[in-house]
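Just so it is clear, A, B and C label the chains in written order, and each chain counts residues from 1 on its own.
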Amino acid sequence: MADTPVRRGLLGHLTRRSVLAGAVAGAAALPAVAAGSGAAVAAPSTAAVAGLRTAQATGQTRRVTIYAEALPGGRFGYGLAPGEATIPGPLLEMVEGDTLEIELVNTTNQRLSIHPHGVDYDVFSDGSPFNDSFNEPGETRTYVWRSRERRSGGGRGWLPGTAGYWHYHDHALGGDHGTQGLQKGLYGGLIVRRKGDLLPDKTFVVVFNDMTINNLVAPMTPMFDAVLGERVEWLCIGHGSMEHTFHLHAHRWADNRTGYLDGPNDLTQAIDNKDLNPGSSFGFQVIAGDGVGPGAWMYHCHVQFHSDGGMSGVFLVRNEDGSIPDHAQEAIDRYHGGHGGHGGHSGH
Amino acid sequence: MADTPVRRGLLGHLTRRSVLAGAVAGAAALPAVAAGSGAAVAAPSTAAVAGLRTAQATGQTRRVTIYAEALPGGRFGYGLAPGEATIPGPLLEMVEGDTLEIELVNTTNQRLSIHPHGVDYDVFSDGSPFNDSFNEPGETRTYVWRSRERRSGGGRGWLPGTAGYWHYHDHALGGDHGTQGLQKGLYGGLIVRRKGDLLPDKTFVVVFNDMTINNLVAPMTPMFDAVLGERVEWLCIGHGSMEHTFHLHAHRWADNRTGYLDGPNDLTQAIDNKDLNPGSSFGFQVIAGDGVGPGAWMYHCHVQFHSDGGMSGVFLVRNEDGSIPDHAQEAIDRYHGGHGGHGGHSGH
Amino acid sequence: MADTPVRRGLLGHLTRRSVLAGAVAGAAALPAVAAGSGAAVAAPSTAAVAGLRTAQATGQTRRVTIYAEALPGGRFGYGLAPGEATIPGPLLEMVEGDTLEIELVNTTNQRLSIHPHGVDYDVFSDGSPFNDSFNEPGETRTYVWRSRERRSGGGRGWLPGTAGYWHYHDHALGGDHGTQGLQKGLYGGLIVRRKGDLLPDKTFVVVFNDMTINNLVAPMTPMFDAVLGERVEWLCIGHGSMEHTFHLHAHRWADNRTGYLDGPNDLTQAIDNKDLNPGSSFGFQVIAGDGVGPGAWMYHCHVQFHSDGGMSGVFLVRNEDGSIPDHAQEAIDRYHGGHGGHGGHSGH
């Protein structure tokens, strides 16, 4: 069983989860705040609907050590402990008001850095050679990221807070913009929640990086795994030098900060396909299989040459009891080169 | 007269209208629900403003037979009757709550399918080889698309309903993603209305598919035809492997689900140019010639090499009495290679 | 001092400001309405917060003469007086209700035009050869652009007004779509404000035009210059035939018409990276250095090959007293090829 595609995909997913995000990732709520984890904790909910958990602010400063490491095949990754680097790197989470102090340990023989999108940082934490903010080979350096709430900006407008589906990446390897660092895999997800935002049961991080998804091509791309009815969060990030569009089968979301409408009259467009170009990111929550049932659903780049070239993957929605529907297992088998079904699989 | 560009363009427009959309397409209201047509019917309006017609829910299930056929020149199309396939295929319309059962008859010698965006469908109606959901050559198969209203999702958010300017397309011809089916013309528009949405006088479907518009290049691209003051709806769809931006001269819209603001303080951006990349779609309504008068207005891809290469067309806004302004006829004549005006026409 | 990069960048910025925008550009308020300038005037503010200036409607018609001229190196530009053409051309500003009559003097030996986005114009002001609306070499011709407020459109929707961060460009040089005119530099910014919109202290115009920013490549791209706490407005415009994403370091904005949220519960996404493709434009206001402090911040295209190829520039945020922080001067020196810092500068 350990060698089936399903199992491999699931493990692939689990190993990408960071300890920081642990309290959010598990469907079973952990006993509130784990030591050192102020991010989006599973605090007793005050939401009106039983069972919903929402983000709580801590206002704390947490210190995280991240190791930049070389991986087999010329790849590089970020990890939370030596020998644990992954692509993408660990998912980092904050609630507006939190501060992250990131001690970046560069174990490689290349200069590199960590540069965030969306949060506040001064020039010394810019992560760019332009601001002399990077790690020489073997160097350790601290970067500070701050978050805060929206506030009145004078006049009619409010200045947006830091909440959003963001990301971080190298900005120094192979030039001033980290182009080689990105190619090698030095990127990860960063979520900043607004106090009261609904917490998901699971979070999936999808990075369209040139012709790859998370530096992989089909059928080795991540299989994301959920149970029917789970609240599943997608964080989609674009990198590299090519244009992409992210498409998810059978699920749609509102094109705004959260993926939810703010009420019955909200005119925000619902979408199931969105541009995902270099440096941009977005996220949303969906109820797995809502209105469409369990099954193996594709997510893929909708640029035809890209999906044909391997930019597709599987979103497995299991039955409520956790079992895999027969048709889903058959689809996964076809996807991995098996021979099933009435049409077979034309391969990638 | 039948051979003039204007007349050809108008006919081209009319033949693209489906019987499903008939009740909406005509400016003259038909007597409510035609047999077999539950979509966006021209029911007696309850809107406060006289003459406005709004979408009414039926909650019904309609069965539609669609024929996938080979067309001259290696093209393929969908049609509502044998021998009536068009590119794009028939415009399909629903109101949230409706269900469409589509019986797809594959009259070709290629495997193919129909895959929708935005609506609910189970894995057996996915339209993908991945889910063994497609038609073998000669095969007939039923696909079921469901729609529904937005609803409270727990916490602060509402889950979006199915309303939107969507589309459908082949997902099986020439690989797992329908790349060849799309190149040949197997795509069409799908509109799901929210109860109470304003109905347009006319709907235009514009598909930017690689270097073509609706698989045509200028000056053979569709000429869309309206009378000054008509409420005209545009459904814009992107396909293929290239990036595009849709620009319409002299008309703008709000960048949301409908193209209208929801009130005087709405901060939604007004635009007249929008990315239209593979798999994405959007729509909006405008009042033809509002504030700018009748005339021949260009719509085109704003990527310069694409507009120069033939990705442009004409939006004709006639005088209120239905006649064509002289300057508009002259522009159309120039566009089709005639020799008029003070500068002439440099051609494409 | 006049030869330092900082000073050159600042001058570059100032010369791009038009007299039309003068009342807005200066941080020190001019004595209300200058003769002939009804655009976004620095009228005594009625805003509740002291010191905030807001856009006031005039409803007037202003006549502006613009000269299209050849520049060294095969470039072309628009200017407000003979010999003053710049790339981009003068920033034009209106408040909803204003009309601009633009007398375009073509001093070149090429046919060319001026075509606006977002505002109302009839076919004779379309600026397209298609509508016989352009200037022959040496010809002078008048184009009229009108603006207006949003209004109820019947039913539930409001028709958007003209307010927006728009642009204008040639539509006739080298074909029917102005492809060569754009390559040469015939483009500029157009801002239409809604009555009551906050006026900025400064406006920066950034045009991603094929592989250039304002037809320049790093390190010669514009350096935008502000003082900590100033309200700075960015107008971003895309042109040419390539895809781009605009990224600004350490500052974010709401993805809507103004860049501000409309209140504490607004679900609009906050972004710091946005697609900027041909024909599209957007704008936003930020408080310079808000929460991140003074310094030299990069703005750049996030398509990696583009930023590596020179599509980056500097946003200098000075100390409150107007002085330049040492670290900012060092960054600028590195950027211009100097040798400083612990890592040096790998060059573009």
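Following the convention adopted for this analysis, a residue touches a chain if its C-beta (ideal position, glycine included) is under 8 Å from a C-beta of that chain, and two chains touch if they have at least 3 such contacts.
Here the structure is a predicted model, which is why all the values come from computation and not from measurement.
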### Task
Examine which chains touch each other and state the graph shape they make (line, ring, star, complete, other).
complete
#### Entry: Residue-number overlap at the chain B/chain C interface, same or different (half cut)
different
### Task
Could you work out the angle of the rotation that brings the CA atoms of chain A onto the matching CA atoms of chain B, rounded to the nearest 5 degrees?
120
### Summary
CA centroids of chain B and chain C: separation to the nearest Å works out as 34
## Note on the structure
Multi-chain contacts in chain A, i.e. residues touching at least two other chains, fall at 243, 254, 258, 260-262, 266, 268, 275
### Query
Which residues of chain B touch chain A in their complex?
111, 117-118, 120-124, 126, 128-132, 134, 136, 146, 148, 150, 153-164, 172, 175-179, 182, 238-241, 243, 254, 256-258, 260-262, 266, 268, 275, 277-282
### Summary
chain B residues touching chain C in their complex are 47, 49, 52, 54, 196, 198, 243, 245, 247, 249-250, 252-254, 258-275, 285, 287, 290-293, 295-298, 300, 302-308, 312, 327-328, 330-331, 334-335, 340-348
